[in-house]
Amino acid sequence: MSSASLFRGIIVPLVTPLADRDRLDEPGLKKLLERVIAGGVHGVFLLGSTGEAPSLTEHLKRELVSKAVEIVNRRVKVIVGITDTSLVDSIELAAFAAEERADAIVAAPPPYFPIHQADLRAYVETLAENCELPLFLYNMPSHSKVAFEVPTVRQLLHHPRIAGLKDSSGNMLYFNQIVQLAQERPSFQVFIGPEELLAESVLVGGKGGICGGANLFPELYVELYNAATIGDLASIHRLQHRVLRLASKLYSVGDPPSGYLTGLKCALSCMGICSGRLAEPLRSLTGEKSDAIVQHLQDLGLVDRQATAVRA
Amino acid sequence: MSSASLFRGIIVPLVTPLADRDRLDEPGLKKLLERVIAGGVHGVFLLGSTGEAPSLTEHLKRELVSKAVEIVNRRVKVIVGITDTSLVDSIELAAFAAEERADAIVAAPPPYFPIHQADLRAYVETLAENCELPLFLYNMPSHSKVAFEVPTVRQLLHHPRIAGLKDSSGNMLYFNQIVQLAQERPSFQVFIGPEELLAESVLVGGKGGICGGANLFPELYVELYNAATIGDLASIHRLQHRVLRLASKLYSVGDPPSGYLTGLKCALSCMGICSGRLAEPLRSLTGEKSDAIVQHLQDLGLVDRQATAVRA
Amino acid sequence: MSSASLFRGIIVPLVTPLADRDRLDEPGLKKLLERVIAGGVHGVFLLGSTGEAPSLTEHLKRELVSKAVEIVNRRVKVIVGITDTSLVDSIELAAFAAEERADAIVAAPPPYFPIHQADLRAYVETLAENCELPLFLYNMPSHSKVAFEVPTVRQLLHHPRIAGLKDSSGNMLYFNQIVQLAQERPSFQVFIGPEELLAESVLVGGKGGICGGANLFPELYVELYNAATIGDLASIHRLQHRVLRLASKLYSVGDPPSGYLTGLKCALSCMGICSGRLAEPLRSLTGEKSDAIVQHLQDLGLVDRQATAVRA
Amino acid sequence: MSSASLFRGIIVPLVTPLADRDRLDEPGLKKLLERVIAGGVHGVFLLGSTGEAPSLTEHLKRELVSKAVEIVNRRVKVIVGITDTSLVDSIELAAFAAEERADAIVAAPPPYFPIHQADLRAYVETLAENCELPLFLYNMPSHSKVAFEVPTVRQLLHHPRIAGLKDSSGNMLYFNQIVQLAQERPSFQVFIGPEELLAESVLVGGKGGICGGANLFPELYVELYNAATIGDLASIHRLQHRVLRLASKLYSVGDPPSGYLTGLKCALSCMGICSGRLAEPLRSLTGEKSDAIVQHLQDLGLVDRQATAVRA
């Protein structure tokens, strides 16, 4: 992998703006992408969990990839999630991403059958052999059931097509072990999922974060990332406090376990950025819950009180 | 629902015979279907977990449905699994099953996002509104993460398009509660998944079993079901012992948690019924493990010692 | 073990009536024991989870054993739970139970450290060597975290001091496997914990049930057990329905996961049998919840409407 | 609470040296305490999970507290674990700790019954009312089953007798939320359990660590703590690497899930500090596993090659 393909910084796990059950909100997508790029993010990650990829049809996934790559127009990296319960579908989507000139692909373990680690390793090797873009592993046992255990990552560490790992487990014992491992292959890049852990992950050697909140407020995450890379602890504490406040406010309005996603999309809609529609099985916040999101956005200074009043 | 659409007895969760990664083993499918129908089963369930549905592409799923419906030719019921992470894909497959004149469809909760029960209920209602065949709910939290909790089943109990529930949780406390509930609507039919629980489930009021082992040895399960319906305890004990022995032998050769499926397909291949190939992420048993399956089949009297010797 | 020491039937996991935080309700204990013996139960199990053993001090545990053995006066079997996080404390309580002439002891895995099966096996062997009474294993992973896995039970099956196993896992796949195992040693006696599964456990070969509801309504469980031993399916269905109704009413008033115990003790108090006080960390139902228990008891015909009215 | 009672830094969760099943290794205890105090630790925590408290008898626990307080002789803080399934036993041990002039007590949720948060809160309030020393909450759901959820900590935050919280969950999302909460009451002190997370926990606002490895190598943890308090990232990376190496080597020789404790006690024994005996249900490493610990200690520079050779 050439140094040009090294990734770092804030990668936005882009929400998928939906105009209808199976139709893209194109103006929303454009507005969202322009906003995060203007906010300084280093890349976008399409079709992750935040992008509700498993809930989308193949044709909508492809449309999203094509449109997003076109809008981004190489200003920042574009990474495409190819996780699927069907290997053949993953391979075909990876090929499509390569044709569309995305920069990398990401795959979690196939999220249906509970499998053991030997099968997981074989699966990833088969996938890597059949894809041409650099492949990131995605550790997210809360959704995939199966984790990339440390010994499995060790076995896959030197695979030339595997570029790194995104860890959304929230388990920093695990993250630290993977960062230690990665010292044996400096081009293996380790990213953190949960934005609340961005600062500490970079302090202990992570390459950046794939932070959902950056859909809303990209500058905050970029600033925090920058503070962490230079070890500016005072700024870290100040910015970390804002990140935690944003997360604890916006992601707890909707009922768990989907409050993160329902809050995020509702906030984007309230801010006028894109449609707040979710793909089934998730459902939009409405009524009092939607009002609570507006209130929190005002408290966080993310929307103008007056503007919202007019909108209401 | 007319009485003609009532289901009962042994429904085989059919394995999907695969000639190659994305290609059906048609002769195997025919042989397997003829064998289970000859064995007296009351129906076949295509595209369940045993059928590895999540690992298959849409076109292979459709090919399987078409071919199977044609081969079965209304001799027994045909039920089609439509579980998918994408609602749109589920609805489309359900429509296809209806066109092909299948008898019912089955859906587990969409198996990616952990969702709460209110979202699950809304999801099922949307699905039911968009499908025309009778819909069975499929409770299998080990694979779907989310369960159909008892209060949710109570809310869905009288939905005219919902025909019943298949419970593969292995939790008989739950099963008993669902059977009690179903007394309020006699046309709501409750089936058990794990074959080891077939007899007791029928004794406490279940309508039958969706037993993987019936791919291999349909007569045994049909006999056990019949014994349970008339409360013939002596026969139940004798047959139950054989079912438990078959399960404990064949399903423990492959490593957990996939030993059930790898053992089942390997045994079908060793018995010359259909291809033993699995869809990724699962992998076939080979070498000593495959030999162990042959040995167990001989011990169980399911293959002829001499025949196998010649084959080897 | 002589045949005299074989156990079967309904063993009541006795609640521990408490007059105060660390003081026995002696009149309540006497009333409760006389009632369950009159109801036909085959034994009582002191100091189980239902007896809140882990929450009690050593001196209260011993007082309970002495008093209960004296009251029972060999009319039915007395079994004593010795589960403890400390092996030394377990051994000492087992010795005390032997001195007091109890009939058997029961031990779950020590419920603090998550341990592997080899350590569990060694632990049980050490315990068995240091105790004189027949020892029952108690499988209850929801509380002990660690289960007695099937291969471990196989290794312990022929230990001369181990008399059997009580399974409270609710997993009938497991229960069936243990019953199959026990065919190799007929004196190894397998009991079911959850009363909702009593009938089917006996139908598949269990020796009886350790049913909490028998504190309240011993005759019902004895009748159901008797019906199951002779395979009288009509009676089983009728009585099973009553058991399920009792359980679903009384045990769901208090919040999970302690609703079973809080409901049981509240009901015993409302029926005037013994104190409803629980040992910390559990707390008694009060106010509307206590009223709901009274209402359910009336609906179940377990208390007289008029009597309750007067009491109120 | 006066500022004198504020805790910070490295608190060693002391192993309990055992000469026999129910007998203290007194010389070992003395040697161990002198060593960790010489190593600069800020306190010792007796009778935690690392101290195998649940496996010990009451009299041994008391003997340990008395002896340890005497040896420490107020040179560093002494904190005593009072976690027990019995509230009365916890209160009595807390009273004993106060008489012996320990500095604080620590309690996890009572580790048997799965309880809900309202019961947990009531339990802690009862405990706090009945104890005189400052009380730390101990969050360790892997062993207690029940966690101190964030809203519960919020409710207990301003309780005058509650001094802080030790988090051994390994979940930094949780830890960060607790640290944020604690900003509302600066005397509420938050400590981390897993030593691999010491540095980042201090960087984000934790007060220190309760690090098992400090039994073996106290200086290393003290140095790392000091580096983290001043934000010296270069030192942090260097020392963190050593901590991770020590943990990954020594704690993985014994089988999970007890490899941490079996490795720690074996290492202390190999280093000649105290007995390596464990209390049941845990068992000492022997043979090749013990040799592997010696080898790792040599590689880590914690024992002298020659000295070990002579010992062998």
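For reference, chains read A, B, C and D in written order, and residue numbers begin at 1 within each chain.
What we mean here is this: a residue touches a chain if its C-beta (ideal position, glycine included) is under 8 Å from a C-beta of that chain, and two chains touch if they have at least 3 such contacts.
Please read these numbers as outputs of a predicted model, since none were measured by experiment.
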item	value
Pair with more cross-chain C-beta pairs in contact, given C-D and A-D	C-D
Centroid comparison with chain A (C-alpha atoms), farthest chain	C
Inter-centroid spacing, chain D versus chain A (mean Cα positions, whole Å)	36
Where chain A touches two or more other chains at once, by residue number	none
Chains touching one another, given as label pairs in label order	A-B, A-D, B-C, C-D
Of all residues in chain A, those that touch chain B in their complex	21-22, 49, 54-57, 85-89, 109-116, 118-120, 122-123, 126, 142-143, 145, 255-258, 261, 279-283
Residues of chain C that touch chain B when the two form their complex	170-173, 176-177, 180, 194, 196-197, 199-200, 203-205, 231, 233, 236-237, 240-241, 244, 248
